[in-house]
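Order of writing sets the chain letters: A, B and C. Residues in each chain are counted from 1.
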Amino acid sequence: MKNNVVQALKDVREKSPLVHQITNYVTVNDCANITLAIGASPVMADDINEVEDMVSIASALVINIGTLNSNTVKSMIAAGKKANELGVPVVLDPVGVGATPFRNKVGAELIKEVKFSVIRGNLSEIKSLYGADVKTKGVDSLEESSLNEVGLAKEIAQKWGAVIAITGAKDIITDGERVAVVENGHKIMSKVTGTGCMCTALTGAFAGVCEDAFTAALAGVVSMGIAGEKANERLEKNEGTGRLRQNIIDEIYNLSPEVILERGKVYEK
Amino acid sequence: MKNNVVQALKDVREKSPLVHQITNYVTVNDCANITLAIGASPVMADDINEVEDMVSIASALVINIGTLNSNTVKSMIAAGKKANELGVPVVLDPVGVGATPFRNKVGAELIKEVKFSVIRGNLSEIKSLYGADVKTKGVDSLEESSLNEVGLAKEIAQKWGAVIAITGAKDIITDGERVAVVENGHKIMSKVTGTGCMCTALTGAFAGVCEDAFTAALAGVVSMGIAGEKANERLEKNEGTGRLRQNIIDEIYNLSPEVILERGKVYEK
Amino acid sequence: MKNNVVQALKDVREKSPLVHQITNYVTVNDCANITLAIGASPVMADDINEVEDMVSIASALVINIGTLNSNTVKSMIAAGKKANELGVPVVLDPVGVGATPFRNKVGAELIKEVKFSVIRGNLSEIKSLYGADVKTKGVDSLEESSLNEVGLAKEIAQKWGAVIAITGAKDIITDGERVAVVENGHKIMSKVTGTGCMCTALTGAFAGVCEDAFTAALAGVVSMGIAGEKANERLEKNEGTGRLRQNIIDEIYNLSPEVILERGKVYEK
């Protein structure tokens, strides 16, 4: 599987896919910069008057509901439908689903209206999106994903025909048949806002060049995990999460096939 | 007073309160990252369809009017009223009040509709909010706060039943009876956008764990001041405000009781 | 010409002009920080209820259409007309014009309704704005500007009475008569989102103090180019575009007349 990730990295650097992102204003700058760092090209348009045109020239669409509002939800659905029509892969980050009825409603609406190639979230978000009864504390995960959740992830993947990526202490990626577990990353990453959003942005970049959405999701998760742990190792005395955020972008910019092969902790399940 | 700040720091790290912030899109990422760095958990929802639900699961609400618009003002008031109903403390950052009639109107409306635990701003913002006739140059302060302003701050605090924190060369914090003066910080901080907003975000984090709003405001102001001066000391040759911004987050992440006790310049008045 | 840039830098540091920016939420924080770093004062208000009042106290207005929406377009036009009425210089960054019909329409509307002092974009944006038939790939430039484009730039400048700045491998600045070519900068800058937006923000800061819009545009372009190449030189092993972004702000903060005279590659054409 790691060889597929390596190939995906080479492809994204060679083809520089345009990744249309309708996302939140908290982490949008980091999402744009990490998309550039991996070798793709971001565009963040969200007005209803242009999202269909923008997605038509894009290689992938990322929908992130971190800071929802009624206008952008309309844009998300319009862009998602157009992407489906054109065969442009769509990646969903259901940030904070479970936290409020509005987020649950929007999540359900997106799942109903748009066919997603990949859905990436933490365990409580994915469970909430699937209708499971789980309490979410804001946009942070209350529970860590565990291998026991593999069954759930497979079930969701089969039902929705989407690759499900549940990220946490261990990450689970499945298309309903294949299952990969990734053990990269470091717990300090949860102390920087947007590491989840950035992981989704990377997945979008890979989805823009990979035929196989499972590989795209795996590449996004492995890249982010490796970047996070290397970024943490580079912290010097007196440095903290401000520096970490910058290091993560640096590590994605410098990510190489060799680093993926050496440090990727990817296991087939 | 410094011991109370130390206790507040311990509490925020232990309890990791959820801090709901309705804020501006200029400095929102820094506010989220500094909230995480101090040990709390940020959520930035601002849509009218979810702010009441979100504030219901939060330990504090921060309202920052840096980039006002008609929609978010409605959300601010709805969230603020709900917070008041539930006893969730509300912190206001009246960014740029005094600069335009619209900001003055919104400021007055917020004061009328919502009961605030803490209001933090520079002298011209606080004066303008109070109806004093003062000209503001955009969102920057024309005048530095001085100890002469203590009387004004006490008067406002008593009238509104809120802790007033006026930040500047010297910072004044008062609940109408107790008065603290803080002499931490460095003038270079004004060359990074959002140091005021971040101070307010920190105050929100502390308000999420402190019974006493005066201690929460003091803890926010002292933490930000110490972080700013240490961040400046860490600048190396050729570095400037780009690096300073990152260092500030690092310093908050690494802030310890020992550092507060050693470096806090807090004086009772 | 370099002496004029040096004088502009001295003036911006001395007068600290207020620069009102109606801009996109992707790079707004960087635009605010670079405006502060050069010595000016940013304010990012975009609500229709206050933009006319805000621009009335500003020394320059920057309009950047990176993340357009119907509301902010109204604000852009209202602020632009007010600025024209008051003689406040207006700088346009036509981000992504050419990518969608909506952007083309808004671009045309802005040109019709507002008189701009400076328009800064890449070649495809400027061509699209001028109605030339060119395909744009999202917000990135497909074609590099070349000296062959000088004729086009002069033609546009004369027609619209605006200084045209086309940035790329080589930058062209012209007011329809005078032409400057700038060869500063480094290609890695295109891997950080917002280097174009920041260049426009700097131009706005200079426009707030320069009588001559040609000098303001030249100063913005030269400053950004020098900052980018110095920022790149300061990158250490394992660092990348995360660090570069920070270094760029640092370099603007530390920019001096000496550095401009030593490193500015400005040629009259």
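Rule of thumb we're sticking to: a contact is a pair of C-beta atoms (placed from the backbone, for glycine too) under 8 Å apart; a residue touches a chain by one contact, two chains touch by 3 or more.
What you see is a predicted model; the values in this text were computed from it and never measured.
J.: Linking chains that touch, what shape results: line, ring, star, complete or other?
T.: Topology of touching chains reads as complete, every chain touching all others.
J.: Where subunit A and subunit C touch, do the two copies share over half of their residue numbers, giving same, or under half, giving different?
T.: Under half shared, hence different.
J.: Cα superposition of subunit A onto subunit B: how big is the rotation, rounded to the nearest 5°?
T.: Copies differ by a rotation of 120 degrees.
J.: What's the distance between the Cα centroids of subunit A and subunit C, rounded to whole Å?
T.: Result: the chain centres lie 32 Å from each other.
J.: Provide the list of subunit A residues touching at least two other chains, using ranges where the numbers run on.
T.: Expected reply: 25, 29, 245-246.
J.: State the interface residues of subunit C toward subunit B in the complex, per the touch definition above.
T.: Contact set of subunit C toward subunit B: 18, 20, 25, 28-29, 32-33, 36-37, 41-47, 49-50, 53-54, 57-58, 71, 234, 245-254.
J.: Quick check on the complex: what are the subunit B residues that touch subunit C?
T.: Interface residues on subunit B, with respect to subunit C: 24-27, 29-30, 66-70, 96, 99-103, 137-140, 190-194, 238-243, 245-246.
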